Structures are given as structure tokens and as C-alpha cells.
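Before any comments, here is the structure.
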Amino acid sequence: MYRFNCDYLEGAHENIIKRLVETNLCQTPGYGADEICFSAKEKIRAACGCPDAAVYFLVGGTQANYTVLDSILRGYEGVLAADTGHVSVHEAGAIEYSGHKVITIPQKNGKVDPEAAEEYMRAFYADATNTHMVRPGAIYVSHPSEYGTLYTAEELRRLRGVCDRYGMRLFLDGARLAYGLAARDTDVTLKVIAEYCDAFYIGGTKCGALFGEAVVFPDASLSPCFFTEIKQHGALLAKGRMLGIQFDELFSDGLYERIADHAVGLAMILREAMIEKGYEPYNDSPTNQQFFIMDDEKLREISKKAVLDNWGPMGEGKSLVRITTSWATPHEAVEYLISIL
Amino acid sequence: MYRFNCDYLEGAHENIIKRLVETNLCQTPGYGADEICFSAKEKIRAACGCPDAAVYFLVGGTQANYTVLDSILRGYEGVLAADTGHVSVHEAGAIEYSGHKVITIPQKNGKVDPEAAEEYMRAFYADATNTHMVRPGAIYVSHPSEYGTLYTAEELRRLRGVCDRYGMRLFLDGARLAYGLAARDTDVTLKVIAEYCDAFYIGGTKCGALFGEAVVFPDASLSPCFFTEIKQHGALLAKGRMLGIQFDELFSDGLYERIADHAVGLAMILREAMIEKGYEPYNDSPTNQQFFIMDDEKLREISKKAVLDNWGPMGEGKSLVRITTSWATPHEAVEYLISIL
Amino acid sequence: MYRFNCDYLEGAHENIIKRLVETNLCQTPGYGADEICFSAKEKIRAACGCPDAAVYFLVGGTQANYTVLDSILRGYEGVLAADTGHVSVHEAGAIEYSGHKVITIPQKNGKVDPEAAEEYMRAFYADATNTHMVRPGAIYVSHPSEYGTLYTAEELRRLRGVCDRYGMRLFLDGARLAYGLAARDTDVTLKVIAEYCDAFYIGGTKCGALFGEAVVFPDASLSPCFFTEIKQHGALLAKGRMLGIQFDELFSDGLYERIADHAVGLAMILREAMIEKGYEPYNDSPTNQQFFIMDDEKLREISKKAVLDNWGPMGEGKSLVRITTSWATPHEAVEYLISIL
Amino acid sequence: MYRFNCDYLEGAHENIIKRLVETNLCQTPGYGADEICFSAKEKIRAACGCPDAAVYFLVGGTQANYTVLDSILRGYEGVLAADTGHVSVHEAGAIEYSGHKVITIPQKNGKVDPEAAEEYMRAFYADATNTHMVRPGAIYVSHPSEYGTLYTAEELRRLRGVCDRYGMRLFLDGARLAYGLAARDTDVTLKVIAEYCDAFYIGGTKCGALFGEAVVFPDASLSPCFFTEIKQHGALLAKGRMLGIQFDELFSDGLYERIADHAVGLAMILREAMIEKGYEPYNDSPTNQQFFIMDDEKLREISKKAVLDNWGPMGEGKSLVRITTSWATPHEAVEYLISIL
């Protein structure tokens, strides 16, 4: 039975597996001090148009979020996020564990609305009691968002403006970044992200790698001892070259974009087919995660033949359902799913 | 140039690589809720003689140490360790980051001496000011220790006694456990460890795996929500089955013991050859890490042909050197090293 | 110019000052191990009807909240609170600093609605992803609430039920408890609180003391090492008897109730006079904090003659205003305020 | 029975009590935003010769230590201290609770030896594995030390040099600072301390106040949001003027020096008398804490008539004993103690 419930069901792209096999018995220094990591970092710097960026490889997304935020926030600062943000909901309190409050504002289309962020900060500084409150020191955005939606370059520029006006940093969680970059009509490129964000990560786990997220600080001086902080947060991989391999392959010959393009293409085919068949889209996601409001009975029936992701009841016998394609989804699987809808 | 400076230079045992390749495009649920993880855990329970143990897979050693200790310590407790313990020295303060003091006592042959631990606790409870001090809530031991040495079953039993008398838990860091189990003349087996310890981990990263440590709680009720704590500590791997693969292979057909036996065998050959050639052993390590006090000039000469691990000056133009074999070390490499000594 | 903006403007009740003066040069052991503290604790136990309760004296309210919650929550648990709760808004992130998420639900009349709490917990346990979320381990209530409102005994009983059903603890912040106990028509007594709550504190700072909050654990075994946790949180007062004096006096001859009765009586006089004069009450507070929606122009005028507490704009040229009486408010001050309204 | 076991047995100097009584019913804004606090801060700035210093009032010493250190250390830094330092031993792990390791070096006469600190840092930066270790970000000194001893101005200057060379901050715990300033022959004044330290506190609790420590940042920009950090650490006193009163009185008409001079004078009388009577001094303390090695039998006998502080067995039937005078010790008490020795 084919699974469409998330984008981390399979292993890694064959190029990565091949490289793992080929280099398996090579001896390299640990903790990322090896040539493969150096090469991968150089490719990422080039792709971001940031020759001086600091690049670090971490293992997973929550780990990247909480290690980076803990590094770039001062001890008394919190992070502003959408109430649907991954850091707000699904990280088991990792951000709070590191001492920082996640301050939420209502999401707008799954995103932090720049105006809402500006208004929050304006009100914060207008509040006479704000020295008794948690000052937001950063804005957290996920791109694509948890609902598959994307920021525009203009929205990122405006969030940058909010950050500049209120002494905050802008952090972008790119767990599914490849699928965002591959979306039709987006104007957000890696270079745009590197221009507007103080820190971000390029997701590997959900985008073709076995595991791994590449954290980028366009200005390396923002976090001068990040290596030690990685270790301190239990996030340092001994055999660091394994992470280098993931990104050295993903950033060779446009692989990262190519495999995401495949997934997004399938998602668009599925989306159009579902709309045509009368299914009600929940939102307008241009990426590999598609959200539909489905009749519970229908959902039960389909679930006998394919695994979808039920996000819970929407009332009136309907549920919100997420259907996800990935770099590994075969064309036939989508065709089959359409055939049983 | 062959490297003997540590035991995490290569990838993984070929069985693991083979399994990774074979299962690469399988779809399995994330976060360890897959059949491979279930199988691996069952094999570990059997090997430990603990059918009811809780087993969790984490990615690395520092991560395992700080997540487990934070789980089994109460908020106001610290952990008692040898001053040479990994948690004391080389974890960038991860234990303190999680709020717990590492309380050190002088190492004895790289280990926590049961009598010294008893004496520390006796004095602690005799101190009228101890409510202003950090109460040790656990004893941390590494087996093999950072100096390659091993506890005896009797020593573990006595540490267990200290823990019982003072309401403490016993935690064993098994980053190199395979090499300890494979040592000649040791009476410490996995079952002995499971009998005396409240929590321990079976090292994968340094013992044949790409990465991964298997945390075992012989009594699962000690840490009933450990899964959430893993997530909270940024330590949950999305594609959890990758960790299952490591341990399902390592615990098939005695692979874990077999590859360690190989490494220890080579270490013993090297050790004897070095002593025969007049090198001064620093201690009596029965495992894959060998420590010698070497003349700096000689060391420089050898270092042109092989990479050893210099642990720093010992005075009189000599240094402490660590030479490490592993599951991946070829017989020829050791022969070559002996030939150039 | 008389201030009505809060209830911690003056020093302490004269009995406390007198005792401070009388005992000033006595020598007593530090950290609360003195006869005055013992006496005060005994009186509190009696007042709560809990002969076996553990009582501790802390200096301030935020300190009490974060030290107690950190003690009674497990490391991975958060606390459920109203979005207007003091721990949610005005403690500069102290709860998050100690590693715990404050999980908010919308306030209802300034309080945690038992049904809303039940519904939150029901939904939490129905959510298949809840092992990736922060589990609420306690419910935080403030009584009186930040809006002067009070729980009924029945509401506390129902919150206790929610806690019992979901394995949670109930914690009551009694920063202004005296004013709650002195309210007309309340059925919540110290004994009721001690029956339903796992931990609570009896406020001193805002209720006649120079400073000090008395933390009560009706079942002492809930937090067996709380003294050390007080020290660990920087909350232990060296000259502990100073805190003993506050509570030994407040709990002698019904002083705690008597002075609060005075403040509540004045608040009721003020409330009725304002309503009679056509001012719009914001809510129905039976305690010493009164909330009115006032015309901004009128507010500016009054503010030339008395200090009120402006809680911010309500639209249409109006603001929410808090007017507070206290144990120290003279009758004449209230008469004067009424005369200038 | 007179107590000499510590210097926080009594209340406060009569001037402070008098001011408390006089101002008791005054209404002032909370949290230190009152004229008395402003005045006290101004006096402290003048006494330190730092017109631009930031001054904050905290309640106790451990609270001051852990709040200041947490503020001036980066998240991954630890603090270097003598193994006898208060932060190392008697703060129940408050520093570790805030995430920072206390890195100890052997005390020398109760102090951090500048050469030992320099050597520690030199070795740290020479260690190839130091990115896996906790970097000391500050040096903690207590003046007087826990053993009553004092730094010289030259020693502080040299510690400043170590800090400058290695990018560290210098923090001085002045819990008993008055007694240090009043010592005969010391060349360390408040101005010297303010010149060499990045942060320090002027102890009130043990030096004539009911409670309170005045934290001074000679360069206010070192900790720009310290007020919020105080709140976050549960350390903000609502009725802040109580702290202002302590220091406004202590820093009027030389009271702080005068009362300490009294205590030190008595300590010197006692010291000389004891030496004359053949008691063995443990060290050469020029301040109000005197340490002697006493015969256990003799100690038991004296303890029937006066309370001394037994610091534990020294072998051969002897114990280390601390005898403390304070601002409140009457001349007669010392005479009596001498008479029974």
C-alpha cells in the first residue's frame, strides 16, 4: 500500500547511496573536518551567493531550530512565530527547554504576516510593562510553511524590515526548502533567502537525503562559536562526512532542484485531478504538501488502498487531509491514487 | 596514510551498508515506528536478557548521555563522574546545559572507584550544609573508559550498592561497549550490565555503525515519556529506521561481538609488539584503545607515515599517545604500523 | 497625590514593623531554621487544616511561581494557564527559562474554565502526534485572577477533577489571596484550596507584608527536596526569619483576613459609587482590584489628582482602567477619589 | 548564648530600621522606580567613581551570582572559579541550573591565583579538542573569599589582564565586601574594584542590611536588559524601595565602612587573643571571619557557652572552626568569648 502521509518515508536519492557505498571504507577526520564536508559547504555558499557564509551540518530539523535559535537569541529573548509554526506545536517544547518562549501570533495562510508581526512589535514597545515581558529577539518562518504555502520575496523583505526596525533576527526553517524553491511562480531563491535572513537551514531529510540539514549564517560573525554550541546541544555527528555526502550530492548538477521539481510536478497533477473530481482544496499550496477537506466516509474507503495523513475533524463529517509527494514518489503512485479517489 | 587516531574514521560494516541499499526505497513510518526498529529492539532485549526493557535509538553519544541523564535525574540533582569522564570533559557542557552539575571525583585507572564514590556520598550526607549543595542523583561510568579500561562485574556490583544505599541511579556510557565485551578475560556481559545499571547505551557509532546508540532502560518505568524527551532534546531522527538498520544488523549472527573481537585482537598484537620494542605502556588497557608514552622525536617520525592521537606532553620530551584499532582496521595496517615503530 | 495603581505601594502592616523592630538584634539561625518561622508555619498549617503540610517562605510571586512549577513539573511537561495568567504574560519568561512551556487557553472572566481545560486535555490525548507536543503537567490558576475575579469552590473541584483524570497537578497563585478570602459571598476558604490544590502560595507582598509568599504543599511528599530547589533557583533568603515575621504576624488574631476585609470593603464602596456615577464596569470583580472602562479625557483629568492604572485603549476614546485598594488604603483616600470622579 | 557562627544572625543597622519605620506608609512606585532607589544608586556610583555605572538591587547573594553570570556569559561559556568558591560549592547548582559549567581550579589561600588562571587558559587554547570543551567566559572571585582572605589590587589587576588576553569578563562577589574594604592594610577600594571588574556586587545582607546586594556594572552596556533578566530569574522585588532604603542608609555618612570597621576591629582583637592563648590559626584572614584549628574536646566545651561554626574534621582530633564577627557584634560578646577560650 503506497504511503502519501509524509515525505520522509524512504531512504535517500541513489546518488547519495552510491557515494556512501563508494566511500564507506575511506578514513576521514571526524566532526566534519573532512574534504567532502568542505566541498559541500563550498557548493552551498555558491548556491546562496554568499562566499563568506558559515555553513554547518546538523542531523534533523528540530535540532537545527533549537540549536540555531538558542545561539542567536539572547538569554531573555523569545522568538515570534505563527501559532501553526513547527517550533510552536510539534517540537515537544525544545525551544522552551532551551529557555526561550515561543511567542505566537495567528497564522495567515500558514505564515507570519509581516503586518501582524509589525503590529505585535509596535504594541510590545508601546506597553509600559514590557520589561516584565519576553522580548521577541527573532522571527521564525518556515518556508514552505507547515501548510505548504510560500512567502513571496516581498514578504521576506518586509519581515526583514520588521527585524531591522526592532533589533530582531530573521530565521527561516527550510525543512522542505527544495519543494519551495521548485514551486511554479515563486520568486524566492536561495539568494533571496540569504539576502533577507540572518540564519536559515536547507533541509535534507525531507528532500532526498538520509538525514541532515545545512544551517547557513550568511554573516558568520552572528554565531562565532556555533560548532561548540552544536556539541553542547548534543547535535554533533561524529562521522560528520556522512552529512557532507548528503549535501555534496544534493548540490551537484542541480540535484536538489531536480528532485523537488519532480515532487512538485506530481503534486500539481494530483491537485488538479482532485479539484476536477470535486474535492475541496483547503488552501492554495504550490508545493509537495496538498491539503484537502475530505468526507470521512470517502477517506476511510481510500485509506484501505493508500495512506493519507488525517489532520483531524473539520466538522460536518469531514476532515482535513494532507497528501504529500516527495523526491521518491513514482509517477505511477500518483496515477493510482487519482484512480481510486 | 593510515589513521589510528580514533575509531570513527570509516563508514559502517558492509552488512549495514547492504541493508541500507536494499531497503532504500521501502516506505516505512517515521520516528522508529517501523518493523526494522521493532526487530532490532527485540534482539537487543534478548541480548540483555531483559524482555521488558525499553530500548530507544539515538544518534550520538553526547546526545545519549545528556538526554538520558536529564531524564533520570531530578531537577536539583547532579551526576557523579570520574574527572576524566566524557561528560566531565568533552561534551561542551551539555550536562550543565540541561541544568545538572557534573560532580567529579579523581579517576582511578580511568574509572569511578566504588570506594571513592561511597566515601563521597558518605561525606555528602555527613555535611550539615548539604541542602545547599548539589546532590548526586546518579553515577556515570563509561565502559570501556576513556582510557580503554574496564570495570569488573564486581566493581559494577559495588557501584550498584552505592546507588542503592544513597538513592542514586547507575548509568553506563557504552560508546565503545563492543570493544569492552570483546576484551579477553572480562566478566562483564550485556546481561551483567543490564542487571546492575538503571540505564545504559550500546554504542553503534564507534562499533561498526554509521551512527547510532541504543539506549536501554532495563526497567521501562524509570523513564516513561522518554520518546517525548528525545524529541525535546532535538535528538529524534525522522527516518528512524536508519537507526533500526544499524542495530538489527549489529545484533544479527553475533556481528557486534565478532567485529569487536577483530579490533581487540589487533590491539593486543600491537600492544605486545610495542612492549617488545621497548615502548612504555601508559596503562593496562584490554580494549581497542592503547595508550603509550612516546618520545616526541620518535612520534614526529612515525607521524609522517601514520596518524596517531597525541594526548599532550608528559614532560621530559615525551607525550601520551593513543593508538586505536576498530572493526574496520585491516590486519595489514597494524603490521605496517609495527614495522615503522 | 494618592496612588490607586497597585497594592504594593506601601511597606507593611504596623504589627509586622513592630515585630521587626523588637526582634532586630536577636540572633537566630539563618535560612528559616528559627523559632519565628516554625511558629508561622504552624499557624499556616492550622489555617489550612493541613497538619502535615510542608510550608516554605519565598520572597516574591514570580519567584514562587517558577520555583514551585519547576519542582512539580517533570522535565518534559508544561503548564496550562489562561492566556491572561501572570505566568503567561508578566514574568519575563521565567517559566520558559526553567524549561517549561506555558500552554495557554483563552481566559473566561479572567480564569481557566474547567470545561475548556478538560476539552484541551481530551483533544491532546486524542491527537496522534501528541508525543511530539508538550504535555500539560499542571494547571495554573490565580485566585483572585489578574482581573480580580474568583473561582468558586465548585470550579476548583472541577479543575481538580481534570487534574485527576489526566495525571496533572493543580497549582494556585495566591499573590492576592487575602483579598479573595475576604470577598463577600465567596465559598473558597484556605481549607478548600488546600483540599483541591497540590500546591499553592499565600501572598504576603500585596497583602500587608513587606515581602514574602508562603508556599504550601498539602502533601509534603510532592516536593521532598524543595528547600534545595529554593536555593538552586536563587530564592533562599539568608535572614529567613524576616519572612517568618511577616507570616507569624499576618496569621495572628485574624490579621490577614481583617486587613483584606478593609480593602475589599473600600473597593465595594468605590465600585458602587462609580456605577452610580455612570461609569462602566469592565467586569464583576468582588476583590480589591476594580476595572472600569473610562473615557480618556476624563481619565486624564482625574490623573492630575490621583494615580490610576491605565491598562490600554479599548477603542472609541476609552481605556481599561484598574483601580486598586489595599490593606493600607485610608477611608479618606477612597472618599476623595469618589469626590473627583 | 551568643552566636559567632555567621554574620547574618541579626536584623539590620538601626538607621535602616529607622528609615523603614519612617517611610512605611509612603506610597512609591514598585520595582525600584522610586526616589530612594535613585538616591541609593547615585551614592553607589559616587563611591565607585563610576558616574555612568548601572546599579541594580537584588535580594541575595546566590541570586546575584547566578543572575549576573547568566547575563554576562554567552550560552556556551562557563565560569572559572576557585574550587572553594561559593558558586562552586554552596549554591545548590544555581549556576549549572542556568546552563553554565563552573570550572574549578585549586584555590590558593582561598583565592583564584592569577597565574593558575593564566595557565588554565593557556592550556585551554593549546588543547586541540577545546571546541568540545566549555570555554571559560568569566572569572569569579569572592572578596573577601570564603576563607576571609583578600585579593590585592595587584592581583585584581593581573586577573584583569588574564580576562583581557582571553576575552573573559571579571566578576567579583562582594557578599562580605564591607569587611574587605575595612581590613587593615588592604589597597583594594571600591574604585579599584570598579576599575578592574566588569561586574560586581556590594553585599548588604551580611554587612548591616536586612537583605540586599547592589550589583554594579561599571560599563552599563555590558548588560543592557538586566532589569528584564532580574525578573526572568525570579529576582525582582515588588517593593523595590525596601532595597533602596538599605543602600541609601549604608552609603550615607560612611556607615558601610564604619560598621565593618567595628567588626574587623573585634575580629583582630579576637585573633590576637586566640593566638596569644596558643590556638592555631588556619590562615591569615584580615577580615571578620577567623579560622582556627581547634581541639575537638575544647571545641565541645566552648560550644556549651557560645556558638562557633565547625567546618569539619582536620584529623588528629581537631577541627577547622570559623568564628565570625559582624556589624552587630557587641564588644562584650568578644570579651566573653575570649574569657572562655
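In this document, chain identifiers A, B, C and D correspond to the written order of the chains, with residue numbering beginning at 1 in each.
We adopt the following convention: a contact is a pair of C-beta atoms (placed from the backbone, for glycine too) under 8 Å apart; a residue touches a chain by one contact, two chains touch by 3 or more.
Since this is a predicted model, take the numbers as computed values, not measurements.
Chain centres computed from CA atoms place B at the largest separation from chain C. Comparing the chain pairs B-D and B-C, the larger number of C-beta pairs in contact belongs to B-D.
Look at where the CA atoms of chain A average out and do the same for chain B: the two points lie 33 Å apart. One simple way to say how far apart two chains are is to compare their mean CA positions; for chain B and chain C this gives 49 Å.
Between the CA-based centres of chain B and chain D the separation comes to 42 Å, rounded to the whole angstrom. Contact of a single residue of chain D with at least two other chains is seen at positions 75-76, 91-93, 97, 99, 131-132, 228-229, 231-232.
Partner chain B is touched in their complex by these residues of chain C: 70-71, 74-76, 99, 131-133, 135, 225, 227-229, 231-232. Those residues of chain C lying in contact with chain A across their complex are 75-76, 78, 89-93, 96-97, 99-102, 127, 129, 131-134, 312. Residues 2-3, 6, 8-12, 14, 17, 20-21, 23-30, 59-63, 65-67, 91-94, 97, 205-206, 210-211, 228-229, 231-239, 242, 328 of chain A are the ones that touch chain B when the two sit in their complex.
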